Every structure is written in structure tokens, then in C-alpha cells.
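Chain naming follows the written order as A, B and C, and within any one chain the residues start at number 1.
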Amino acid sequence: MIVSFLSLPARETKPRKTGLTVLLDNGVPTRQFIDTVDSFHEYVDLIKFGWCTSVLDGDLGQKIEHARRRGVESYFGGTLFEKALLQRKLEHFRGFCRDFGCRFVEISNGTIDLSNREKAAHIADFAKEFQVFSEVGYKDVQRSLELSPAKWIEYIREDLAAGAQKVIMEARESGRSGICRADGELRYGLVVEILDSGIPPERLIFEAPNKDLQVYFINRLGPNVNLANISFGDVVGLETLRLGLRSDTLLLFEERGK
Amino acid sequence: MIVSFLSLPARETKPRKTGLTVLLDNGVPTRQFIDTVDSFHEYVDLIKFGWCTSVLDGDLGQKIEHARRRGVESYFGGTLFEKALLQRKLEHFRGFCRDFGCRFVEISNGTIDLSNREKAAHIADFAKEFQVFSEVGYKDVQRSLELSPAKWIEYIREDLAAGAQKVIMEARESGRSGICRADGELRYGLVVEILDSGIPPERLIFEAPNKDLQVYFINRLGPNVNLANISFGDVVGLETLRLGLRSDTLLLFEERGK
Amino acid sequence: MIVSFLSLPARETKPRKTGLTVLLDNGVPTRQFIDTVDSFHEYVDLIKFGWCTSVLDGDLGQKIEHARRRGVESYFGGTLFEKALLQRKLEHFRGFCRDFGCRFVEISNGTIDLSNREKAAHIADFAKEFQVFSEVGYKDVQRSLELSPAKWIEYIREDLAAGAQKVIMEARESGRSGICRADGELRYGLVVEILDSGIPPERLIFEAPNKDLQVYFINRLGPNVNLANISFGDVVGLETLRLGLRSDTLLLFEERGK
């Protein structure tokens, strides 16, 4: 940050425990990846290589190393875990994570037929070696809609009990599934029930791939909410929202200060 | 421009007084910024660092200098003026603009509670040192909808009388507020009244962040309309629309030529 | 591709005859173009300089040469052919294609008043020197809607008979015209009639500028369907869909394998 003349809300310095910004690499070319990391690493905590994009990226190692040197850790989207499990290649997946020096692993059941209990067993297993992010919610919007708030909360608790460090609330890259409806509207009732359940918000990561979602969570939980699926083009935009530097949150921290 | 075999409508050469293309830097990484300026500076007049993104950009000075060397001036979005005014740091804001050698300043009241009369007083004040772009319209779509065409026109006149060089018509980055409805449709009636008011179109800049808006204004006002909030990815696309080189305007200048 | 531990559906190696991925350069800055080609050329067969963007691109030759060295050929959108025809500059257009060493030319009547019979005559003419991609469908959504499936199929056959190597199904950059409705929904009935007509799918290229369209065609025609108007940001995303590496197609090839 270069400006000193404005009063801004406090943010943890990196490595942060809360207020995480998790970028989504959906197939970003190598120099653009480096450009974004070099320009804005201060505002980025983690980069997720979305779904199985990692296995098609010939510069994967170079990207991960470059980000790490700037204080940004990387991990692979849960869909890679699911694909490997489908093909009975879980040990290869584990080796893949090891080979790239990953400290984090994402475990999900967003697409494949895997009960939360079975998912939790995999979380427990991977938690012996990695910091595990688990995910609750399905890629299919209808399946997600049929998952009641009570079940949703139960699954979050089961994942945390199994050893997940944080649990990700599914919204996809589109913001049109999981905690969102097919038309992109947030399922406010679901989110309120989750937040009122007593689960500490710092153990949750909300996928928030558009401005409306980001504004909602910052309004509701403050600048230090954990947000994921942030596109490479939105790093600074999100940080301005967190800090009350864009119209949508401009008055938020001013008014609270009064 | 490399082609010579097509007949194209006339465009002023830079520095242009009309037909301005104003890009929106919404948090573009440094090398992408330089890449766009190097490749397409011929089609870009100004770059606005949107809202308060400037204060989070560690390479701000490098960006501004690089653009200037290619004949592109930069300025800061009106929201930075508003935030500074809120925090009673207007002199710091003025110094910030000076430090980066800005020739232009944007003065707006899109978010904060500031009457147009008070805004005009700030315009008059900043016009002593800078070329001022003022803005009419609010970030909140409902507040904008409640601003009648008569008021809108009165505010434009008041800003110009106060010394604004040009007045920007608000549409946000989304094209879903100000001169646009929440669903993105242009408020045609409002725009027609403004254009029929006798205010010279060259004193107006229309925010037109998508193709539909760009096509409308080029159809209505010709290739040399002033357009702002153009995304970094749309520089060439917009210039093809201005020159009758895309389907949406392909026949426009051909037919006029008959 | 760097991964070896997953079983993936077969893809031809380049130069491919089917399973083509055709990118749309809609005004991409030079280093971004090079970055994408360097990072992902393995997944890209052709790059189309959309509509007439080519004539505003001062680095056009450098881009084309760079792509060619990585095994990616380039050509110009049909709108440039149409503009040249309108201005009676067809020989200049031919020279323009020659000067840049183009092996492919696109011939269309998406915007101008040109019967399919006349278009076919131009196809036959250009086919003496170039490999011709023709296009069926109009830029105007209403005109496209009024083109019956029977006519659509007749025009495809007429183009192929005239010497077109492949025929492109119009959808524009937006996916909101041609084979799509104004709201973006695919015209399923039209597509099914085309596919059931006996025209070999490998002679067709479907414009599929968004994930929903890409998923539909991969589900319907398999991983080696020809898809065009792919944005520079979607190269890897599309390839993951082709290979069953994203949720939307993750189970497709697994189930077929059973």
C-alpha cells in the first residue's frame, strides 16, 4: 500500500489467519500469473489451481515456486482429488501434491458420489500430512438446493472434527451453485443459519466470485472475512471493498467509527 | 493503424479534444498495463484509476509515467476525492494528485452526501490548478433513477459554469446505474433530453462499459463521441465500432456515405 | 500435458483435423497474445483475428509469426471479407491475406446483403488459393431466427460443394445470435437437425464462446468436436472440459468406460 493519508480498517499482515483472499487460477498464462503475483502479492494469501487445470499446466512448478517466493501458497482444486479417487489413483494424487511442495490440500465431494462421512475419512487421512481445506456444497445447483441448512452445518462440523483446518462454502466460479441459486442470488437464509450456528467464521471460507457476494460478506462479517474463487482480475477490487475504498463499502467503516 | 485499403471515418489525431477513449484501471497488474499501453496507445486518450484503486497500487508512479511517455494521461476516480473529503483530507488528496503530476482531477458526489452546489464549489477550487472532469449521477441505481432529467441537466450546467472541462455521465463499471437501469438498459429518455438540451456533446463523457452502450452512442453521436469506463480488454473492440469495422456499425458510415 | 497418472480420452496430436480449438483475438495486447501462445499452444489450433481487429493491430505480423512458430495458424474474421467486398476492395483483402502468409480465409455474409449463392461463388474463388472456412448464420439475432433449419442445412451443403473446407456455425462473441437465441440459450432443435442431416460433424465448427455451449457440444459430439470463438482466457478451461477434468464432464468418459 502506498498511501498514508487515509484512515483504513486494520488488516492482518501476512501470513494471515483470517481475512484470507484465495485466487482462482482457471488457466492463467504463465507471465500473467507472475505479473499478478508480482504486482499484488500483498493482497493474496493463496492461489487455487481450479478443478484439474493443474494437470494441463506445463509451467505449474514455475508458477508455484514464483508465488511461494512472494509469500503466496498454492493448492489444487478438490475436483482433482475427486477425479483421482474415481480412478483409484489417490496415492498418485498425494504424490502430485508432495512433488509440488503443497502445504494445503482440498478435499471435496462436489461432483462424485461420496458421502460426507467418507469425505471426512479422507480429510482425517490427508490431515496427517497436509493442512486440509474441505468443501461443503455440490457443483450441481439442484443438488445443493436440496441440502438443508441443518445438513450443511452438520457436514461443516463433521469436516472440522475430522481435521479440516477450514471449510469452504461452494459457489463455483460462476457464483451460481452451492450457497447461490441458479440466478446468482445468494441463499441468505442458508448463510445466516450457518453464521448463527456457532461455527467460528474464521474457520469458514466463502466462495465469492463476484462483487455482490464480496460486498455481502464484507458487510456481514467485516473486512477480515475469508473469501475464495477470486478471479485474477479482481485482487485490487476486492481489497478496496475490504478497506472501504469503493462506493459499495465506502461509508461502512466511516459510520462504524462515529 | 496498419491498413490503408479501407475507407474509414475521420478521427482526430492525439491529443484529441473529442472522440476521447477513457480506460478504467480497476486493478490491472503492472505489466498488463504496460502491454496494453504499448500495443494500443494510439486508441487511448486517458486512463482513470477507478475509485480508490490508486492508493493500493505500489507501481502507480511507474504506470502513470509509462502511459505519459506514450501520450496517455491518467487521473484518479472521483471516489478518491469523496473519501478524502469524508476524512477531511482534501489537501492530502490535492498533494497526491500533484505528486503524480496529474493534469486532470475528477470531482463527484456519487456516494457521499454532498449537494451539487457544494460539489460545484470544489470544482471551482480545483479548476484553479487542474483540468476538472466532474460527474453527474449516483452509484446507487435507485438514487440515480430519482434524479429527474431536468435536475440532471441543471447539474451538468452548474458543473460547467463552475469550471469543469467536461462532465461525465455515471454508469459505473457495471453499466447498471446512473444513465442505466438496474437491468443494464440505457435510460434512453434521459439521454435524449440531455442531448436535446443544447449542452455541446463534446463537453460530455458517457460511461459506456459494454458494447451495447458503445454502439448506441456511436450510432447517436458518431465516431467521435467521448466514452469512458472502457475496460482494458475493449480498446480495439471500441475503436472498431467507432470506425465501422464491426458488424454493429459496419454499414453506418457506408450508408451515410451514399 | 504434465500429468500421467490420470486416464484421459484420446485427443489427436497437432496438426489436428478434428477437435479444433479456435481462439478469438478480440483485440488482445501483444505480450498477452505471446504469453497465451507460449503457455498453451498445445491446446490451440487456430487463432481468428475477430471481425476487423486485424487492421488496427500494429503488431499483427509479429503475432502471426509468433503463433506460427508454435504451430498455431491465424486468419481474419469474415467481417473483414465483407467490409472489403462492400468497398469493392476484394483484391486488396486477398493481398492482405497473402502478405501475412495466411493459409486460411473466412468467407461470410453475416452482416452485408449477399446471397448464399453469391457467397458460395466467393468461396469457390478463394478456395483456389486458400483453405476456406465459410460461415452460416447472421450477426442479427432476428435474421438468424428466421433462417429455417432446412435453409441452414442447404447453405452448409452449398458452401461445402463450393469448396469450403469447414463451415462455421455463427454464435458471435456473445453467444447470443446465430445458433443461439437473444437470451443465450442454444437453439437445440436447429443443432439437432444439422447434426442429423448427414453432414459430417468434422466439417462443422461450432462457435461456443461460453461454458454452457462448450459442455453441450462435448456431451453431444465428444471431446474432438471443433469449437471456435474461444476467448484467450478459456483455453485451459475448454481443454479440461474436453478431457473430463471439470465437474461438468467429469463423469462423462468414466461412465462410457464402464
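The rule is simple: a contact is a pair of C-beta atoms (placed from the backbone, for glycine too) under 8 Å apart; a residue touches a chain by one contact, two chains touch by 3 or more.
This one's a predicted model, so the numbers in the text were calculated from it and none came from an experiment.
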Chain C against chain A, contact positions shared by both copies (same if over half, else different): different
Angle (degrees, nearest 5) of the CA superposition of chain B onto chain C: 120
Centroid distance [mean C-alpha coordinates] between chain C and chain A, Å: 34
Set of chain B residues in contact with two or more other chains: 31-32
List of chain A residues in touch with chain C within their complex: 26-32, 51-60, 79, 82-84, 86-87, 89, 92-93, 95-96, 110-112, 139, 174
Chain B contact footprint on chain A (complex, rising order): 1-3, 5-7, 31-32, 35-36, 38-40, 42-43, 211, 233-237, 239-240, 243-248, 250-251, 254
